[in-house]
Amino acid sequence: MQFTFTEEQTMLGDSLLRTLARDKTPAALMDLGAGAALLSEADGGFGGTGADILMVFRTLGRALAVSPLLDSVVLGAGVLALAGEGDLAEQASVGAIQVAVALDEPGQRYDGTVGTVARGGLLTGEKTMVSGADTATHLIVSATDGVYLVDGAAQGLTVTSYRLMDGGRAGEVRLADTPARRIGDLTLLARPTAAAILAVCADALGAMEAAAELTTDYLKTRKQFGRPIGSFQALQHRMADLVTEIEQARSAVWNLAGHLDDEDRDRHVAATKSLVGKIARRVAEETVQLHGGIGMTEEYELASIVRRLLAADTRFGDSDHHLERFMALSAA
Amino acid sequence: MQFTFTEEQTMLGDSLLRTLARDKTPAALMDLGAGAALLSEADGGFGGTGADILMVFRTLGRALAVSPLLDSVVLGAGVLALAGEGDLAEQASVGAIQVAVALDEPGQRYDGTVGTVARGGLLTGEKTMVSGADTATHLIVSATDGVYLVDGAAQGLTVTSYRLMDGGRAGEVRLADTPARRIGDLTLLARPTAAAILAVCADALGAMEAAAELTTDYLKTRKQFGRPIGSFQALQHRMADLVTEIEQARSAVWNLAGHLDDEDRDRHVAATKSLVGKIARRVAEETVQLHGGIGMTEEYELASIVRRLLAADTRFGDSDHHLERFMALSAA
Amino acid sequence: MDMSFSPEDQQFRAEVRQFLVERLPSRLSEKVRLQQELTKAEIEEWHAVLNERGWLAGNWPKEFGGAGWTAIQRHIFEEESATAFAPRVLPFGIAMLGPVLQKFGSKEQQETFLPRILNGQDWWCQGYSEPGAGSDLASLKTSAVRDGEHYVVNGQKTWTTLGQHANWIFCLVRTRTDGKPQEGISFLLIDMNTPGITVRPIMLLDGTPEVNEVFFDDVRVPVENLVGTENEGWTYAKYLLTHERTNIAGVGFATAGLSSLKRIARGQVANGKPLIENPVFAARIAEVEIELMAMATTNLRLLAQAAAGQVPGAESSMLKLKGTQIRQSINDLTRRAVGPWALTFPSEGIEGANENTVPGPDEAAGATRAYLNNRKLSIYGGSSEVQRSIIAKQILGL
Amino acid sequence: MDMSFSPEDQQFRAEVRQFLVERLPSRLSEKVRLQQELTKAEIEEWHAVLNERGWLAGNWPKEFGGAGWTAIQRHIFEEESATAFAPRVLPFGIAMLGPVLQKFGSKEQQETFLPRILNGQDWWCQGYSEPGAGSDLASLKTSAVRDGEHYVVNGQKTWTTLGQHANWIFCLVRTRTDGKPQEGISFLLIDMNTPGITVRPIMLLDGTPEVNEVFFDDVRVPVENLVGTENEGWTYAKYLLTHERTNIAGVGFATAGLSSLKRIARGQVANGKPLIENPVFAARIAEVEIELMAMATTNLRLLAQAAAGQVPGAESSMLKLKGTQIRQSINDLTRRAVGPWALTFPSEGIEGANENTVPGPDEAAGATRAYLNNRKLSIYGGSSEVQRSIIAKQILGL
């Protein structure tokens, strides 16, 4: 039993953190191999395990970087690799192509019911909240009978995009007799989705750590009634509770990372996403509160952390959705 | 709109509190008219409104008195009065007879399904957790076709009794072809049960007030690290949160008292019992915690308050049971 | 004990309700329901409608052009307005400055300023907080130095809500530096068009510039704009804060928010069924509804005390604390109810909508915005921590 | 990163499991499962079974007759024992005094006392806390004054768990009154049969006399019963407290409690269905199970650190805090799961059952007793408040 990273993983994490401090562009991340670290050697990368995903995304979360790594690599390249599209997967992992993965449909919330249909190699349907859709060179689309690959410039494909609260963009994707190539059945999606949920949770963990550090520093330096507010016991105890919760989130993320390729993966996905989502909301709320007014302002660094944490709860199903998945899996 | 008691109600409350400080016997309570205050004038008493019940039971709760007023008067006399048995009701209200009301059956938890049957004036069935069964001169028993009155010495009636955590006693009641007299249909039980739930909640409110006072005093006098522990901000804020919760419980009890005879009574019963049960548990747990070790000991006054609060959550359905009743009533 | 409103109050409620049906434009109520930000013009429009009816200043005596309502009538008006999704009446002129001028202002000040608050000529803002002071209001540093018939004001105020729309500001300034921090504070009325004033909007984390910093650089204020006596401003400030605390519980807002939440939960489909039929989510709604029922009664109990002439004590701190928790819970559940579409919130601080139509329920963007914006409820007007300390000291004697 | 146990550890787990199947009497495990109190004889019976196998003192080196297990093996043993509902090993001799004697005791003390802990000849109890001291242990007042070849001990200890069964007590006593409170404390071993010792059981709110007051009135203790050096007792006391903190998280107890809770919830019928199928109650169980999964991993992470030679720091405070919350939540849900029959708890402090058979599920009385008794988890061994202060100061530097 060993809860440590390999030397390579640690080195990558360190250099990512250093680089992100001055350059948060996707190109910089790709140059360091952050994309390739998310793909297995067999698929042309040099990582791809739960621990790799944890290390990379926790670092992205700490640095508050907006990157295509989640959509284009963990999800996109992840599906492509499983579909035997190794070349495309590798290209996605180095940023040579941009992949968006279109799963959810309007009115369906988090339950993933698919209504998009394929007829004679042409897809028709609507997809909602497709992250990275507007810049995608390739789209992976779920349909009733399997998973399809769609060219970003294909006929009959319309993308209407909008900003998201965590700084990224998503789009509504409409497919009207859009040419597409079937690359496998729907089971292809399971592991990449679980990996993406791990990535979101690890990212949230990094963001929570950043929020806690920022708040602890603030409590030490901010003075009121003549002394640092961090010397007030009520705030000390609340901060202690908060880091104890973050410690729980950390262990939950480790759990999922360690069981990503085990048979009880689904149970860990549900447990981890549910707990991390709940704790992320609490950290967002408490760190704002412990800051007071300054924590409400956009110009202070906490604002983007808070929105990132709320987004983390929402993406791929919120804490209640996964709580119920956990209940269903426990009853089974 | 007026959230005050009548002069008579206030006087009764005051004299009850004074008397209970030296004499907690049922006889003393009855002498003061606490029983009669729970019955309407039409039924031979001089009260019986929500406000009367609130006043009497909040006082009993504060004084931690164990009395037959809930089972024998609010429930027992309450049912008898509605059944037109005014003489018996009045006797119960002055303690001349002891009534126990047998509703729940084994294996049924809180949902009140009745399996006891009447055949030719003889009852057969089993009742569980019948409060005050061992000293009852009369039993009121629910059966599939209505409510029955059973003599405490009737043939075929067996009572096995045991202690309860709040200091009272209850019993398992077995009826085997026991002579009984039908006094009305099952709808007779609705108002007395609602009144009993109000009584339990008002009692819990009084007990919570006692717990909060005891704890506040302790925080002021107990010294640690050279100063009163009540000067530590973390404990101050937790105590502030706790009395804010108790204020919520107080309003919930007022709500039920004020709507006891309105058409939306059931919704208020569910809301109040659910909230008071939840807050009672929290007050029990927090006041023990704020005391530390001494709060764990039987010889300290808090112990019996804590058990009384837990019992209050359990009696007539716990917070979850009533939360779901509230959900069902809200959906309707 | 009587939990029902008097026949007169019930009659008043019916009147308010009728008025709202007739005069509240659905164009406005729809924006309020969707928790979208109102423009300056929309706020002024609603003020004018209320003023025409004589209902803009419910808390003012009739002699000053107010409605002269009782505390219970004000409560009824606020509750009905909120549940009808009417815009809220801005507090700065009506709830804050008005009572101070009526009690401590000169006759000239009353005659000059009160009518202009009612007719919309003046938009007031509040200059209380300063950077670095937080909950410690008395430590304020903005100075006003007497120079002939003027005070010369230098310093900085912050958290000035909607100051970007205001043409007047009422300020606490320091006119004496010795003595206790509470002493030597004065209450000044300042024309925002005076040279030397700069307003800088502060973007909040919900992407709206709701508050501002206001800088004073040798701003000359005529001495007749001093309210009451020099160095006695702390008294007036406290009086104002007491009056501001009306509707501290926000029962109406919570009730309206709860009804919006249920509406969304009825419309959202989770695993093939309306979200409101999901037992776990329905239980979360029920728990907050039960809390609200109790808190509303606490509010009425304090109102009844006020009606009986008692001054509300530290109990109002419990009301603020619990009322805030309930409203924030409703905001949280509402954001969660809109599901994945909660992500569509435009985060770049641009007023109004995203450049493209966003998917999901109409309420989605507003749900997230309101959730983020209302984190302020537990911070401003005496943070939840300050309320807990008040309860511990004043109610419990700790 | 490797979350699985080594093949050796898996083999060890299988051995422990097999041993428990073979040697744990169901008579005992049934009482533990029902959260009933064990008699002195039952505890001694299980100690003897473990000692026969050489597993009584998992934390002791083999040279002292212990099992010499690694931290991970100890964890596995504790987890398997708890989930099999084995009685817990009493900590006083094994986990507390043993390590102190092994590190700081004289050869004579080691040879005299250690074997008698293992063979059950001695039952030790702890004399640390004093009335009025609470979390402020260093302020202790019980005095030991040297008189020839004896110390004369006067004072009072409290919260002495199971002291009514003990024949020996290890005590912190004050041997010097000047200097800092931590200085001048010594560590004494005292025969409970010495004249001048009185033991008074304290009834707890769960109705059991689990703890005691111990009074010392001119109790003469031979100087050879001093451990280590006079006035250095604080060092030994801290060493003991560190060792006591093994299994601070109580993962095994929580796991066992959760399985009992689910078993009860499967058996209880609520509105016509098993309680475990009630979505609201099932969600409460699921939430605590998810918390437990995470906390168990925190525990393993710290164990892995310990196995790698790192001394556990203030992180163990987080483990105690969260572990306590989880266990108390499980106790709470278990009490609620038994429904109305939770009321049957005998409240008059009489050991054993009610005079008549009580109704409801077998677990009912024990569920309430355990709920009440385990309120102590957040009070003793460093209260939750103390843990929060440690986290704030040592981890956060506040």
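To keep things simple, chains are lettered A, B, C and D as they appear, and every chain counts its residues starting from 1.
Keep in mind that, in the parts below, a contact is a pair of C-beta atoms (placed from the backbone, for glycine too) under 8 Å apart; a residue touches a chain by one contact, two chains touch by 3 or more.
Every value quoted in this text rests on a predicted model; they were computed, and no experiment measured them.
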Of all other chains, the one whose Cα centre sits farthest from chain C: D
Intercentroid distance (Cα basis), chain C paired with chain A, Å: 38
Computed distance of Cα centres, chain B from chain A, in Å: 52
Distance from chain D to chain A - Cα centre to Cα centre, in angstrom: 42
Sites on chain C at which at least two other chains make contact: 279-280, 283, 385, 388
Multi-partner residues of chain A (each touching 2 or more other chains): 233-237, 323-324
Pairwise touch network: line, ring, star, complete, or other: complete
Chain A-facing residues of chain B, complex: 232-234, 236-237
In the complex with chain D, residue positions of chain C that touch it: 279-280, 283
Interfacial residue positions of chain D with respect to chain A in the complex: 1-6, 9, 72, 276-277, 279, 282-283, 286-287, 289-291, 293-298, 300-301, 303-305, 307, 315, 318, 321-322, 385, 387-389, 391-393, 395-398
Residues of chain D that touch chain B when the two form their complex: 129, 134-136, 158-159, 202-205, 207, 268-272, 275, 278, 280-281, 284, 328, 332, 335-336, 339-349, 354-360, 368, 371-372, 375-376, 378-380, 383-385, 388
Chain A to chain C touching residues, read off their complex: 104, 106-111, 128-129, 160-167, 170, 172, 222, 224-225, 234-235, 281, 285, 288-289, 292-293, 295-299, 302-304, 306-307, 310-311, 313-315, 318, 320-321, 323-324
